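Chain naming follows the written order as A, B, C and D, and within any one chain the residues start at number 1.
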Amino acid sequence: MTSVGILNVTGYAGSELARLLHGHPHVQLTGVTGRSAAGKRLPEIFPHLWPIDLPIAESLDGVDVVFSALPHAAAVEQLLPYIDAGVPVIDLSADFRLKRVDEYEAFYKVTHPAPQLLQRAVFGLPELHPDEIAASKLTAVPGCHATGVILALAPAFAAGIIEPAVVADTKTGLSGAGRTLGLNVHFSEADENVAPYALDGHRHLPEMTQELGSLAEAPAPEITFVPHYIPMTRGILSTCYAQLRPGVSLDRAALMRIYRDYYAGAPFVHVSDAPPSTKHVAGTNYCVVHPSIDRRTGRVVVASAIDNLGKGAAGAAVQCLNVMLGLPETAGLQSLALFP
Amino acid sequence: MTSVGILNVTGYAGSELARLLHGHPHVQLTGVTGRSAAGKRLPEIFPHLWPIDLPIAESLDGVDVVFSALPHAAAVEQLLPYIDAGVPVIDLSADFRLKRVDEYEAFYKVTHPAPQLLQRAVFGLPELHPDEIAASKLTAVPGCHATGVILALAPAFAAGIIEPAVVADTKTGLSGAGRTLGLNVHFSEADENVAPYALDGHRHLPEMTQELGSLAEAPAPEITFVPHYIPMTRGILSTCYAQLRPGVSLDRAALMRIYRDYYAGAPFVHVSDAPPSTKHVAGTNYCVVHPSIDRRTGRVVVASAIDNLGKGAAGAAVQCLNVMLGLPETAGLQSLALFP
Amino acid sequence: MTSVGILNVTGYAGSELARLLHGHPHVQLTGVTGRSAAGKRLPEIFPHLWPIDLPIAESLDGVDVVFSALPHAAAVEQLLPYIDAGVPVIDLSADFRLKRVDEYEAFYKVTHPAPQLLQRAVFGLPELHPDEIAASKLTAVPGCHATGVILALAPAFAAGIIEPAVVADTKTGLSGAGRTLGLNVHFSEADENVAPYALDGHRHLPEMTQELGSLAEAPAPEITFVPHYIPMTRGILSTCYAQLRPGVSLDRAALMRIYRDYYAGAPFVHVSDAPPSTKHVAGTNYCVVHPSIDRRTGRVVVASAIDNLGKGAAGAAVQCLNVMLGLPETAGLQSLALFP
Amino acid sequence: MTSVGILNVTGYAGSELARLLHGHPHVQLTGVTGRSAAGKRLPEIFPHLWPIDLPIAESLDGVDVVFSALPHAAAVEQLLPYIDAGVPVIDLSADFRLKRVDEYEAFYKVTHPAPQLLQRAVFGLPELHPDEIAASKLTAVPGCHATGVILALAPAFAAGIIEPAVVADTKTGLSGAGRTLGLNVHFSEADENVAPYALDGHRHLPEMTQELGSLAEAPAPEITFVPHYIPMTRGILSTCYAQLRPGVSLDRAALMRIYRDYYAGAPFVHVSDAPPSTKHVAGTNYCVVHPSIDRRTGRVVVASAIDNLGKGAAGAAVQCLNVMLGLPETAGLQSLALFP
C-alpha cells in the first residue's frame, strides 16, 4: 500500500479525493491538511466521510505521494518542499499547468514563485500524455473546463480536419464554484437560473490553447470560450464548434472513426453515438464524447460530458496517480455513475 | 373590453396565456378549448387558475380575437374558419412563421394546407415588425429559441458589423418541452442533468435565418444552432457568437451604443451592462441582452435571456395583441420578475 | 395614491414588497432604505426591479405608511419614531407579534426595547383579526411558518374538534433563510438535500401557540413544530396532525364544511378537495388548505400551502395595508401563480 | 463467485442493483430480464451501465440467487418456480413483506396467489432480523418509507419509552415514484413543488405497524403516516413523533444511549448528534438517525435519512444477500456518499 496525503482537504476537490482514495485498493490515505479546520477531524467538516476519521493536520508527514487541492499560488508555495525532497506531487491547481509563465501571470494576476518548474511539470491528461505522466514526479491536473473542451476537440485537431477558429460553450454545475460562499451560488439565486460568466476570458482558456495547439499544425487555435452556470451540482457539458478545413469532406461515420481510433486505448473516454448527458457520468472519471457534423454549414459540433469533480478534478488526479505508480489506470475508479 | 378566446388551453403556453389575459386591463377571456379536456372546467386541469372558472369547450364562439396554442398543422386547420371570417388571429405554432413553404415542409415533415396564407401572415416580433403587426390580422408568434437568438443578433446584423457565420448555443428550461410526458423530462432523469438535443437541425433554425437574413446584407446567415435542456422550468439563455467583419473595429462602448440605439423604442428589451440571468425575467415579457467582444479572437459574443413561456410564447402573443389592437404595447405585461 | 416606504429593502421580503407595491393600483412606493446598500439605486441590488429606479436612502421621509423588513430588534428601534409620530406601520419582523414579552425574550434572546407597545400591536392575519387590523396603526405580519400552521388549524381549534396536542411539520423553500450567505443555503449543499432544523424550538412556535390558543377552549395547544429545508426557492407546505377530541365524530364532508364556513369571507384562503401543492401558489398571496381525517387513528391531518414570501411575508403585508386603509382586500394581489 | 440475476432490471431499483452488484467483490451479475426491453442490451436502456453489457433476456437461467425488482403481484408469480426449486430469492416488491394476507389484500387490492409463503418469508431488515435473514431462502426487502420510519423508531419501541400513537411524516425524492411517466413527476410540475400524497393510507404503512408492533409491548402502534414528494431525485427524510410514556423521564443523553446501544452492531446505521441530511447518504446503504426530545411537550422526535434506492431498495437487497450468503455484511456496499 502506498501512503498518500491531501493538502487542503476542506474544499470539494479535496473531499472528493478523500472519498476516492478511501475506496482505492492500492493506496492508503494517511494524512490531510486544511488550515481553516486544523485541529478538527475530517468527519466534523464532511459528515459523509465518517469512516475516514483522520485529524486535519497542519502538514503532511511521511507520505509517499502528495495531492494538493490548494488554490493557485498557495499550491506552489506549499508544494516546493515536497518537490525538492523528490516526493511525487499531483497538483489540482493551475500552478503547473501552463508552460508559458507570462500566460500564467496574465490570467492569474500573480507572480509565479517557481517558474523554473514549469518545463518539468507534466499536464495531467493521460489521454494526451501517458508516457510523460508515467515518468513524472510533478503532475498538474487540468482545469475542469479545459478537460471537457480538450477531450472534445483533440481528435479533430490531431487529424487536421478543423480550422483553428473554435467556439467552446460550457455549462457547469455549481460545485465548480467551490465551497466558498457567494450570491452567485446562493441557492435562492442560483436555482432556476442560468447565466454566462467570465466573458472577458476564463482562466482555463490558456490550457485549451496550449494543449490543442500542441496537436494542431500551425496556426494556433483561436478559441472563444464562454462558461455558464446552470442549476445543478455536478457536471460539465462542453459544446464545441469549429469549421471543417477547406477541402476536408467527411461524413458522420468517418468522423466517428477518427474519434474512436484516437481514444481506442483510453479507458475513461466513451465515444458515443448519442448526445451525452452529464448525469451518465456523475460521480465517475468517465468522459462521454459525441462528435457530429452540421451539414448545412460544414461545421463540426462536438459535445462532451464529464463530472467536474471526477474527470474534471479528483478522478483525474487518481488516474494520474495510477499512471505515475504503474498501477492499472482504472484502479479505484471503476464505480459507475449514480443514476438517476 | 375586447373578448378573446384560446384554442388549446391545456398546454403550458395556453395556461400562461390564460394567466396573462386574466390580468389584462383591456380584454376579457371568454372562451377556451382543449380537446383532451373538453367538458371539464379550466381549474380542474390547472388548479392555479381557479378564478378563471371557464368551461373547456369544443370551439370558440363570438370572440373578437382568437389565440391558438395548438401544435403545428393542427393550428392552421382549426384557424382557417376564423381567418376566412376576418377574425384577428394570433398563432403560437410554427404554421405561419416561415415565408418559404419548402422550408416549413422540410423541417416539419408535413404538407402545409394553406401555403397561400404565408405571405399574408406577419412574423410576430414587434421589435422588428411593429407596423406590419399593427396592420395584421394573422400574426405568428416566433419560436422561443428564435426570439432569444434573433433579439441577440438583430442589431449586429442590421449594423452590418458581423460575418454571416453564426453559432447560437441555447440553454432552455424544461417547460419548453411542453406538458407531454417523456423520459427526457421525467424529473429523476432531467434533474441534475444537461444535454444537447436536435443536433441534426432544430425547427426554430429557419426562423432565425429568415429574420436575421432580412436584416443583413447578402450573403445570408449561416447559423449552427444547438439547444440544450438544463434542469430548470422556465427561461432560455441564448449565447451567440459571430466574427466581426474584416475592417470593422469597434470597442465595447460602441457596440453597446449600436444595441441601445436599435432597441431605443422597444419597451421589453433591456440592453444590460452585466451578463443576463434568466431568473431576472421569470414570468415576464422582458428580454435582457448583453453584447460583448472577445478581444483575443475578434468575435462578438451576445447573450440574451427570456422566459420561454413569456417573451418566448404567451407574453409575446399578448404584446402582439396590444400592437394589433392599438393598445399600449405594455398593457397587461408590466409584472416584474418573480425573484428569487 | 397613498405614498409608502420600505425600511430595509435589500432582503427577499423587502424586494418582494417592492415588486408587489409597484403593481398596486392605489399606492405609490416613494422611498426605500437599506443600510448596506445606501447610496446605490434599487436596480443595482436587484436587477429585476429595473423599472423601480429609486435611490436606497438612509431613512424614509414624508411617507403615509411605513413597511419594515428589518430583522427583529432592529425593527422596533427604527420604527419607534414613526409610531410616535402616528404614522401607520406594518412590520414584518417578530418584534410586535407576541403579546407576552417573556416569550419574545426567551425565543429571541434580546430585551424588548418597547414592551408597552405589544398590547397595542395587532397580529396581522386578516383571516383571524379583520376588525383589529382595520383599526390598527401598528400591524405585525406573522412569521411564514406560523401563517401556514395557523391557517391550517384555526377552523379545527375554533370548532373545538381537536385535542390540544399538535404536531406541525413544515417543509420550506430556501428563500425562507433569507439572502444571508451560509453553507446550509450554499447551492451545492442544499440542492438534492432535505434536513430538519431548529429541533430545539423554532422562533415561530410561540406565535402558533398564542393564536391557536386564543381560538381554543382551555387547555392551551401543545405544539411540536419541526421545520425542514427542502431544495426549492419559494413555498411552505405545512402538515399538521391532531387527535379528534373524545366524542367528536365527523366525516370528511363535515370537516370540509367546517373549513369552508370558517373561510367563507377570506378571499385568499382556498379550501381544496385535493392535497395542496406549493407550486399552485408561487408568487401569490393565496393559501390552499386541505383538511382530511385518518380513519385508522382518528386523527385530523391538515395540509396547507403558501408562498413564504407571498402570504408568508410581503403579500400578507400588502393585504394588511389594504385592510388598514379600507381598500379592497385583494388590491394589488390578484396575480395568479406562476405555473409551471 | 456467486452468480446472481435480476428480474426486471429496467426500473430504478433494478438499475441500482445492477450498479451495486457490478462492484461487488464476491458475486457476478450474469443475467437480467425486463419484458418491455427484451432483446436489447442493458446499456441501450441505461447508458451509464455501459460496462455491464448483458442482453436483456426473457428469463434467468442457472443463477445461484435471484433478485426481483418486479412490481407486486407480478413478483410472486415469476418467483414461484425459483422458490419451488430452492433457489434463494430476494424480492424488492411488497409480495412477501406482510405476515397478514388480509392486510396485503386490503392495501394492494389484489388476491395473494401464494399466501402460504408469507410465514416462511423473512422481512429483510438485517438490523431487526439478522438471524432469520441468515437462515432465509426468501427475503422481502422492506418498502423505502418503512425502512426509514422503522429504523427511526425501533429503539424507542424496543425500550418501551414511547406511546403507541405515532406521527410519521416523510419527504421523498422523486425516484421513489419510479421510472413510469406521470404529471406528478413531470419535471416542470414537480420542480419547485412539494405536496403530500396517499393521505388515505400509503401502502408502506402496514409494514411499519407490523415491525414496530413486534418490538412494542401491547397495545399496537397507531401510526399516521403521510409521505411528501419534494423536488430532488434521491433520499428519504423521515420525521417521527411520539409521546413519552407516562412516568418515563429521560434526557437527551439517555435517549442517545438507547439508540447507540440498539444499533451497536449495525454497520449501516449511524446515530448522529446532528440532524440528518439525505445528501450525506446519497448513493449509499447508510441510514443516519437523530433522536431528540421536545422538552415543551414531552415528545420524542426522531429523524432518519436514507437513500431510497440504497438502504431503501437496492442497497438493502445486497445487504440481505451478504447476510444470507454468510459474506461480510458490508461487502460491495462500502462506497461513501456522493457529496456534494
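Simple rule for what comes next: a contact is a pair of C-beta atoms (placed from the backbone, for glycine too) under 8 Å apart; a residue touches a chain by one contact, two chains touch by 3 or more.
Here the structure is a predicted model, which means the values were calculated and not measured.
Of all chains, the one whose CA centroid is most distant from that of subunit A is C.
Across the two candidate interfaces, C-D and A-D, the one carrying more C-beta contacts is C-D.
Look at where the CA atoms of subunit A average out and do the same for subunit D: the two points lie 37 Å apart.
Spacing of subunit A relative to subunit C, judged by their CA centroids, is 46 angstrom.
Shared interface positions of subunit C, defined as residues touching 2 or more other chains, are 12, 173, 175, 188, 191-192, 231-234, 277, 279, 282, 340. Note for the complex: subunit B touches subunit A at residues 165, 167, 169, 171, 173, 188-189, 191-197, 199-201, 222-224, 226, 228, 230-235, 237, 239, 241, 243, 275-279, 282, 292, 294, 296-297, 299, 301, 303, 305, 340. Contacts from subunit A toward subunit D in the complex involve residues 12, 15, 19, 22-23, 46-52, 175, 191-192, 233-234, 270, 272, 274, 277, 279-283, 288, 334-340.
By the touch criterion given at the top, residues 12, 173-175, 177, 179, 181-183, 185-188, 190-192, 231-233 of subunit D touch subunit B in their complex.
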